[in-house]
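When the chains are written out, they are named A, B and C in that same order, and each has its own residue count from 1.
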Amino acid sequence: MNIPRIAVCVKPVPDPAYYDKITVDRTTKRLQRGQAPTIMNELDRYALEKALQLKETLQAEITVFSMAPSNSRLVLLEALALGSDKVVLLNDIDFAGADTLATAYTLARGITHTGTFDIVLMGSESSDGGTEQVAAQLGEMLGIPRFTHVTSVSLDSQSGRFDITAKHDTGVNRYRVQGPVLCGVTREIATPRLPHLRNIRHCIEKPLITLDSKAIEADPQRIGDKGSPTKAGAIYNRESTRQGIMLQGTPDGITDRILTEMRRLGVLCQA
Amino acid sequence: MFEFFTEEQKLLRRVVRSFVNEHIAPFADEWDKSSHCPVELFPKMAELGMIGCFIPESDGGAGFGVMERTIIVEEIARYSAGLAIAMMTNDITIAILQAYGSPEVKARYLGPLLRGENIGSFAVTEWSGGSDFVNQTTTVKHTENTIVVKGQKCFVTNSTFADFAIITGIAGKDKRGRNIITGMLIPAETEGFLWGRVEHKIGMKCSITGDLILNNTAVPHSYRLGDDSGGKAIALNTIGRYGRSAMTAIAVGILRGCLEESVKFAKQRKIYGNPLHSLFSAQSILAQNRSEYEAAHAMLYNAVSLREDNPDYLPRIASAKLFCAEAAVRAGKRSIDMMGSYGLLEDYPLERYLRDALSVIPSGGTSHIMSIITANDLVK
Amino acid sequence: MEIRDLSSYQGILVFGKMLPGGPAEGFLELLGEASRLKAQMTAPVRITAACLGSSMEAYLAPLFHHGADHVCYIDDSRLATYQPHRYTEGLFAIIQQVKPDIVLACASYEGGEVASAVAARLKTGLAAHSVSLKFVDGEFIQVVPAFAGKIYGDILCPDTRPRMSTIKEGMFQKLPKDITHTGTMERIKLPPCGFDERIELLSVEDEVQGTEKSLTEADFVIGGGLGIGGSDKWRFLEQLAEVTGAALGCTRPALDQHWVHNEKSMIGTSGVIVKPKLYLSVGISGAAHHVCGVNDAEVTIAINNDPNATIFSHADFGICEDWEKIIPLLIDKISMRKEG
């Protein structure tokens, strides 16, 4: 087998630490994102870490793909600083408003246009949308075997076969798969690192290529809002309706109060 | 806020912030309460290149500059001013070794320092005071094979655990009758090297400060830093360049801490049935916290972005330290005022921030000294 | 977008998991929701249950008893164990056969994965983790969470069919069992599965049924977070769960600390959604991800020593105190009651 080629899909997302600041404007009904910085989707970071580990043992080559607005550069530079060899940014005003299907299609076009890959890695889920759909859909569009909720991947470089462990509803399955293959990963896959500061100085020198819809020869009917079968309707805040009573007093008094509540609700088993 | 960071600087800040959130923020309070300097964290910081980040890549550093180092110190100080001063002192010793160390000393210490395995201390101040630098009493005698030092230093950061101290002492007088000040590195295991009393400070409790007693400690000539009379330049240049900017960064970190924690409290604390921030008095404090933080941040990074050979550099840093350190104390005090009795509780970090802010003032030169430097520059 | 004859897609199809011995609880819940939707539709429609598995024909009856009018299934030894590519072929074949207007799939690992792949093949829309389904002025609206449940949004699928949705277990109620309700059965064949020669199944490790079931079913749920402070201390929560018969769950950080090993005991949007009568959170700060998983609890009590913890604004009763002063005492009192 030649040097393994790894594709990693990375989604820039608003930092979940700022979710409390995200609201829906009561008059305009539009999403107010606050000043949430854009960061790398957490599970994609795990996927990239797995790719970096494969690179360390097998001299693999890593290409990161991201469909994102151009203000996500820091996330992509971080992917380069971490050790990716190249970033392909899929950026076009016509990509805007994509649902999971249009996103998967766009990523598939970007990947196919760029080259062939032995494995495509990505997070099983994004922290903002949280649909858990894109990995399976991308695998479907690339026409390769795909697994989601993958907890471990290893590659036998002699045979080019991957050993993959993936969760299902009642446990885990272990597979041996002839590549190319796509894996949507979970946190068990690896423990992500931070980039060494030295590499931050050098990431600027690495290739960061921007491709638009024409460059990847995308069907205009299948990208962005136009290519999205789902349409977003109204959005609203989830309001808390809890009483918010603070219980004061001694631990003795507080525990009695909890016991009363348990009795009232009938959850204090009499056994 | 300073808005002209490069992409690399923004990314560096983001990476350091992730590190701080994971390894520093959750423990800072505990370190303060137990007066524990987290030396165990140095190898971890080093793994990322946070220690001595200004050392060129060819010598094992990250190849950044003072600007980036200032960002790192601010990020650490946001949660732990004490660790920030411990780390910045260690950085000063790295900068001195890099600039003035003999090949032998560099070969012995630079690697372990950059890996976080060794930690350095910088012992210049004596009982007579740090700013009366030329009239120190520590003596340096040159013998055929060694340099012998006798004297006592105080307010030594990283005392008790540092692997060496960089010290200065008087080697004699020049033709014009002025003291010749020599600088050198003394390994902690040298005979006659003794850590003295440890101070119990109001703030920065997780940085260890104490005395150093040098009782005829002898080191080879190669442990001298620079030439015989290089001590003054070593101490003053490095304090000016790496010390004061970092102390100012610590003040800015504390200012950000006061701002963020006061906002958090004002939103969550209910008073008269409404959030605290609905009171004008609280709003006024939040607004002052923000404007002073914004001003301090811009002032610091603006000054640090000057080239060090710019004659404006030292007075500008001095002005920044004067403003930022005093602003940090004001922010700590008024945030505590806003919180009422809660502000006094150790359960909230504000009392620690105020204690730390007070401790910024004398380190690297008091506000009065900063005023003198600033004013002298204006009227010269 | 491809123009399709939308009217040729009729009825509701529910895809759920067949466990050994019968359909999973989540499958029956989705049939319950399908029945409620059916009642809102003007034209008479049929509810189809889609089943994939091996040797399961004898266990399909509960699907009828809980609302299915029709069961379309593939019984094939190749489906004895879940494999994503085979199950995708299976569900795709059933949907091609039934041509439903609406598809509801369980948002489990398997259901979510298969529904996503099938939606990609059908080039149709799939709403993820819907929390509410309704018809408004004839439009089918799927309400989904975003930003870990901080925001909810309506999803429409105007131009393609079927309109697909995944739904977390525990989100909807199953219908009371009605053994008089019956329907028709239809068995179809599993088409060839393209990747069979490239994929070798090495082993299948079925976990013992974890706490997931009890978390979603328990009347009393305890959740522990990072504030517990150690795996040795975690035992107090286990002990409390034991003496009260509660189900014990956790947050992501507690899982990351390895105090808990079962990923399925994580409560929240990316874990299990619980709706007990009482939810007691201990040492949990109240991140949106978590809070959204307990929104449907009847009463919530939160213990946290940080007076600023967000969890207090999502609690009926807040206790700002070290949990170690409360929980052991609570255990003692309950144990004494039992003995006494």
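Assume contacts are C-beta pairs under 8 Å (C-beta built on N, C-alpha and C of every residue); 3 or more make two chains touch, one makes a residue touch a chain.
Please read these numbers as outputs of a predicted model, since none were measured by experiment.
Across all inter-chain contacts, the pair with the most C-beta pairs is A-C. Each chain's centre was taken as the mean of its CA atoms, and the one lying most distant from chain A is B. Relative to the centroid of every protein C-alpha atom shown, the closest chain centre, again from C-alpha atoms, is found for A.
The geometric centre of chain B is 53 Å away from that of chain C, both derived from CA atoms. If each chain is reduced to the centroid of its CA atoms, chain A and chain C end up 21 Å from each other. Our note on geometry: chain A versus chain B, Cα centroid distance of 39 Å, whole angstroms.
Contact residues on chain A toward chain C in their complex (touch as defined above): 14, 16, 19-20, 22-24, 31, 99-101, 104, 125, 127-137, 139-141, 145-149, 163, 166-178, 186-187, 221, 226-238, 240, 242-247, 251-252, 254-259, 261-262, 265-269, 271. Put simply, chain B touches chain C in their complex at residues 264-265, 268-269, 342, 347. Across the complex, chain C meets chain A through its residues 1, 17, 19, 24, 81-85, 88, 107-114, 116-117, 119-121, 123-129, 141, 145-160, 195, 198-207, 209, 219-220, 244-246, 256, 263, 269-270, 276-278, 280, 287-289, 291-292, 295, 298-301, 310, 312-321, 325-326, 329-330, 333-334, 338.
Of all the residues in chain C, the ones that touch chain B in their complex are 305-308. Within the complex formed with chain B, the residues of chain A that make contact are 37, 39, 73-74, 77-78, 81, 194-198, 200-201, 203-204.
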